[in-house]
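You will see two complexes here that share chain A, one where it goes with chain B and one where it goes with chain C.
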Partner chain A sequence: MIFMRFDLNPMMNPKSVAVIGASRDPSKVGHVILQNYIDAGFDGALYPVNKNISKGEKIIGQTAYRSVTEIKKPIDLAVIAVPAPAVPEVLEECGKAKVKTAVVISGGFAEVGNVELQNKIVEIAKKYNIAMLGPNCLGIMDPASKVDTLFLPTYKLSRPKIGDVSFVSQSGAVGSTILDLIAKEGFGLAKFISYGNAAYIDETDLLEYLMHDKQTKVIVMYIEGIKRGKEFIEVAKKVSKVKPVIVIKGGITEEGAQAAHSHTASLAGNSEAYEAVFKQFGFIRAKDLDDLLYFAKVFSSEDLPKGNRVAVITNGGGTGVLTTDAIYINGLKLADFSEETKKELRKVMPSIVNIRNPLDLAGDADEKRYSDALSIISKDENVDMIIVIVLFQTPGADSSVAEKLIYFKKNIDKPMVAISTGADYTQTHKLMMESSGLPVYDSPNAAASSLAELYKYWKYKNKIV
Partner chain B sequence: MEYEQAKSLLEKYGIKSIESRYIEDIEELKDFIKKTNGRVALKAISQNALHKSKAGLVELNVTIDDAEKRYNELIKKAKKYAPFKILAQKMAEPGIEIIIGGREDQQFGKLILLGLGGVFVEAFRDFSLRVCPITKYDAEQMINELKSKNVITYNGKAENMIIKLLLNVSKMLEENEIKELDLNPIIVRENGYDAVDLRIIE
Partner chain C sequence: MIFMRFDLNPMMNPKSVAVIGASRDPSKVGHVILQNYIDAGFDGALYPVNKNISKGEKIIGQTAYRSVTEIKKPIDLAVIAVPAPAVPEVLEECGKAKVKTAVVISGGFAEVGNVELQNKIVEIAKKYNIAMLGPNCLGIMDPASKVDTLFLPTYKLSRPKIGDVSFVSQSGAVGSTILDLIAKEGFGLAKFISYGNAAYIDETDLLEYLMHDKQTKVIVMYIEGIKRGKEFIEVAKKVSKVKPVIVIKGGITEEGAQAAHSHTASLAGNSEAYEAVFKQFGFIRAKDLDDLLYFAKVFSSEDLPKGNRVAVITNGGGTGVLTTDAIYINGLKLADFSEETKKELRKVMPSIVNIRNPLDLAGDADEKRYSDALSIISKDENVDMIIVIVLFQTPGADSSVAEKLIYFKKNIDKPMVAISTGADYTQTHKLMMESSGLPVYDSPNAAASSLAELYKYWKYKNKIV
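== the complex of A and B ==
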């Protein structure tokens, strides 16, 4: 039996949702949230709550209530978007109405020094056994269960398609930026959770929940601090064995700078401790948001490699050279093609193609040359991973090459990524390949560093030094 | 924690420190030099000086011939860090200096550190860090992460010895109330080591 502090299922897959603070005024957070639920096509029961309306009134076409206690039906989730001072009373009413979970969107608590008010709502949540997320958060988005508590209008913030990457963010701002970027990339989202002040439900609870969540294949976390360090470690140990966790830590705090009496304490401060924990328990560390997206898409679509030997296929010599450099810089190496591979390649390649790794297919390479190269190289036992460079500016590189790469991506079991750099024509093909599950990168370093993280995670899982 | 007390705690966990003794006067020093057969190091131990060598509180390679002169010089320098005690240690065989340390982290508990030691610690900041208790795999990774890996392990030959040291220190940190620990330096040789300086803060 798995022991978790909270049952988060009613929050993530609710059958009934009350939006408290729902409003007719489109500039109000409560309006946007209700509208988003309707836009997302949420098919459970939806109850707008606003204490200032008169009985029987409707908000955006939904029958509204003055208090959750008037609803008289089971409520899985209450989304609370009322001014901070009103939250305790509203939460108290949720307790009386036996609401199972609550997301407190409202700000104005510990983040502005109002610790007392925050403690008060935690007490109420505890008293009524309400699993409470927030306050001061964006809440949850789950394209599959059509939950969307975000107060950012869909016309301003694109929503990603359904996928297998779940994203947990302490910060709402970083969270929503990444959501927007994910929507632009080819991969999809399982769950987005912005947990704000973590007054009750914290990062450890969410990590544990996502570890068991079947939709989630990859977990991405933006963390500023960890509340329960030792419990976090216990969960971290287990989760890395099951699925990859990509983490970015914000805020290099200098808490450790209190007068150190030893060399150790002066070297190993607070942010070093976080780094150490992430490293020790197999988390994949992203140094910035770019990394975060690069790694998320490679982990989402690729299986783990069984070594660090990379084959490079290119239609541009220079990009091949840069990719070779990036491979070594990131701790990977070029594969030595087997004699069999070389023999086969010689048979099918024109004489201008030098049979070596990186394999430069030359500037006139077309769909057939890529196809021949990939079918031979993907079978080579000396090759663990493949990088295919397609410069779409060349005459032979067109949609048929992109289609071939998608075909191979689906039919070979080694990790394979592409590099394509360029403007509109390239971007169109990039999107085409990405939405078919082939990660495409703009730069050799982005591609190599992403594959390197796959390799490192494979080493961690297999305890290879 | 007192030096002798720290030394015996380390011994309990199989970590041997170099032979040493507090001395009260020059006669005791001469005795110790004769007994240890050659050269000793003299250190003034004071709560008020974290960096002994920086503060000039260390005399190395003291022999029976210059013992008196250097003992007096050290006492003179140590006066401004009073109160202090004088520790005499057998000179360690030459080797590579490493640091193994630990500290209690409010968030995550006990941490253990391995790095290139001695005076290079802060200059190069070549160290790795883990949460206790560590596994053998963690210890291997800690060594692997260091730029000075090949130097401190003598190209791998001293690796098992360092792994064992790390595992023992991790156990000690876990089982005792230790806020901060510095074993800096531990002088590592291809087939042995000496912990020549210990600092444990409870």
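== the complex of A and C ==
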């Protein structure tokens, strides 16, 4: 049994935030962070802090302070964006002002060999009981509580809508690109946490926090190293029973591990040991950034299947062939349609359609044909999951087909994903379907591997080996 | 030694085209094809043929004929889009009119069990010595000669610009989606050939044709089966010595092979036998549609490397770590920078930058820092290939960095690719770089696996095992 080391609630849902290092200069990190809070419509108290201002001055319209100690009001979260050498003093002041939590954005600590300076700020955080995230991180983004410590402007990095996927990243770079992609793909975010050097709060604390977080349905992690192996395993044992954890590990090769050490001073450790732990406790492994997105999308929107039998409906024969290959390569199988299903399909399908799985609706398939196929096949008890291929290049495929798929997605209680590959016309329809909660993939392997992870996780949860 | 069975030149560069089944009804395939020719600005003679019109009528402004036999002029290519049962008669007339080549778009032959009808049209083609493509195919697109038999409208399927990649696809669906993606990714097409049931002209003929085609630098193939195994091997032996062939095989699993049989009546055959042939003769294997694009892009724009030592330049540490992993997983290695390189880098890089490979330029890297790094590293004799990671979410990365990368791409004689992951702001810059000939990938694995294929092909060509 583990007890959480930190109360992270004041960090994730703060009523009052001090931005230390706030500035009027738009090129400064402290400026961008303050502006983000204002733009996001943060409705708590906001206190810019900058030791170089005169008393009573304002920064971006907010009354500013020279030190957190001057604020004289409770502060849930201090976001610290001052040069590394100034961090100890600032943190000391936070302690005196009884600040509950701190996010240290500043870099220049263990990752560049400044271990001593890093140890110093950890000591201060401990002394004053401040839950400290970082240093050398992007911090937190939570579209629901409107916390946004990211110093990257919104025109460069799109912010996702509110959702149920939480993403914990040791790397700010990987974190920010994934955040940007989540926004692009049209699915939603619960919490984003970039934790950098993990000097105090680490991946185990964050994993445990998200395990209990009601808003979070799916946890996604990018990690380079694990600080407290034993404790991590304790949490890992429990978390996958509660919700899926998708993990990508940086530094799985020897040379990658060396690069990781130079990046966040992580000791990446033995790759096989990680692999064994992840496998034993039902973590979902992503091999690349693509996978991370593919899997997060399907776990966010789909329920778990009850088996590995897949029905494929397509308007392109070749794509149906490649999808069949991908299904078997990923450990799934084609469903055998029941006699009833075959009979019903034969009644409504034109004679050119072979009644088999994959069901090739032919190049002129329209919304009626898709609709007929889906309403019959979704009822078949031999079918656990459905892949619908819609190639929008063909004459019959248009918005009405996309709408029909969205309708069935909302009314079928089996996992269902789509494959649509192509340029502008396709992308428009892809976004239409994805923003309505239907996962759409560009390639057969992306779709099949995502469903395979759903199936494997279902087996893990139900102790089927 | 093989002699080409067909002269495909009149099909690929026709001076005169008859569209049989041309129609005034925009929903008809024959209408779309005729319109495509007109829209593309085809400058040869164009003859719409429709047996139901009255003499002297026009279709889309072109004088129409009731039969090719009425045209009384030489016809290089007949595009046939009439119902399957009418094809034999139409083809017979083509023979009498001495039409040189024919593309039979119409479906309804062996792929739906109508083997007899298919045999019949092959007999007619043989009798009159007509080089016949299809049936059950999309036909040909060639942006240079303005041949476009695709019946898919341009708003649904973007047409690529003129380039050096030729794509042969047994499946119309796979073909059209890839064509659409080629246009989206901003690289260019030499010839697109969808050959469907391969009743007469088959994959071996097309491969041999493209081997000799001067416009084609890279050949990409989607195949489900091979009709003439022995002859294919004869061509395969020669082609990879001349130019790279990227192949994706549909039906590599038993169930996929069954689906392929139902699709194009292909006997997919033993998967391991295909695998062995492809490997022996230096074909580049794509496992999924994604790969096909990734590899085509890099072979189209890059020269071959002279080794497997990769330099990585990045503005995101975590992405550098993942790229290092991907490099080793794909059989490449990190280059050891020379002492000279390290000394030069140390002179110009700020102190926060560790002089090592991957070279992490830090989150505030701007065009100057990228430029300094590239000009030094590109000269290092220990470096065979370069991966440049630009995360456009970061403060310093903007269009000037993209421009700098394009400049170096044009001035460095080593393979160089970029990784940029993200939404709108990133996509804009990605397109900017790709349309200037720099391949850009979304993920570390996509970039590393593409360079690995370049390296493997270089080894094949130089007989290094």
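Observations, loosely collected:
Convention: the second predicted complex is superposed on the first by the 446 of 465 C-alpha atoms of A that agree within 3 Å, B and C clash if a C-alpha of one lies under 4 Å from a C-alpha of the other, contacts with A are read in each partner's own complex, and residues count from 1 in each chain.
In this text, a contact is a pair of C-beta atoms (placed from the backbone, for glycine too) under 8 Å apart; a residue touches a chain by one contact, two chains touch by 3 or more.
If you're wondering where the values come from, they're calculated on a predicted model, not measured in any experiment.
Once chain A of one complex is fitted onto chain A of the other, the partner contacts of A:Ala81 are absent, as it touches neither chain B nor chain C. With both structures placed on the common chain, the touch criterion links A:Lys230 to chain B but leaves chain C unconnected.
Applying the stated contact rule after C-alpha superposition, one finds that A:Val401 touches neither chain B nor chain C. In the superposed model, more residues of chain A are touched by C than by the other of chain B and chain C. Once chain A of one complex is fitted onto chain A of the other, the partner contacts of A:Ala365 are absent, as it touches neither chain B nor chain C. When the two structures are aligned on the shared chain, A:Gly318 is found in touch with chain C, with no touch to chain B.
Once chain A of one complex is fitted onto chain A of the other, the partner contacts of A:Ser262 extend to both chain B and chain C. Touch criterion met: A:Gln280 reaches chain B, while chain C stays clear of it. Shared interface residues of chain A, touching chain B in one complex and chain C in the other, are 255, 260, 262-264.
Chain C meets chain A in the complex at residues 27, 107-108, 111-112, 151-152, 155-158, 169-178, 180-181, 183-184, 222, 224, 248, 250-256, 258-260, 262-264, 287-290, 314-322, 324-329, 333-334, 352, 354, 356, 358, 360, 363, 391-395, 421-426, 442-446. Residues 226, 229-230, 232-233, 255, 260-268, 270, 272-273, 275-277, 279-280, 463, 465 of chain A touch chain B in their complex. The touching residues of chain B, counted against chain A in their complex, run 50, 99, 101-103, 105-109, 111, 113, 115, 121-122, 125, 127-131, 134, 137-138, 140-141, 144, 180-182, 184, 199, 201.
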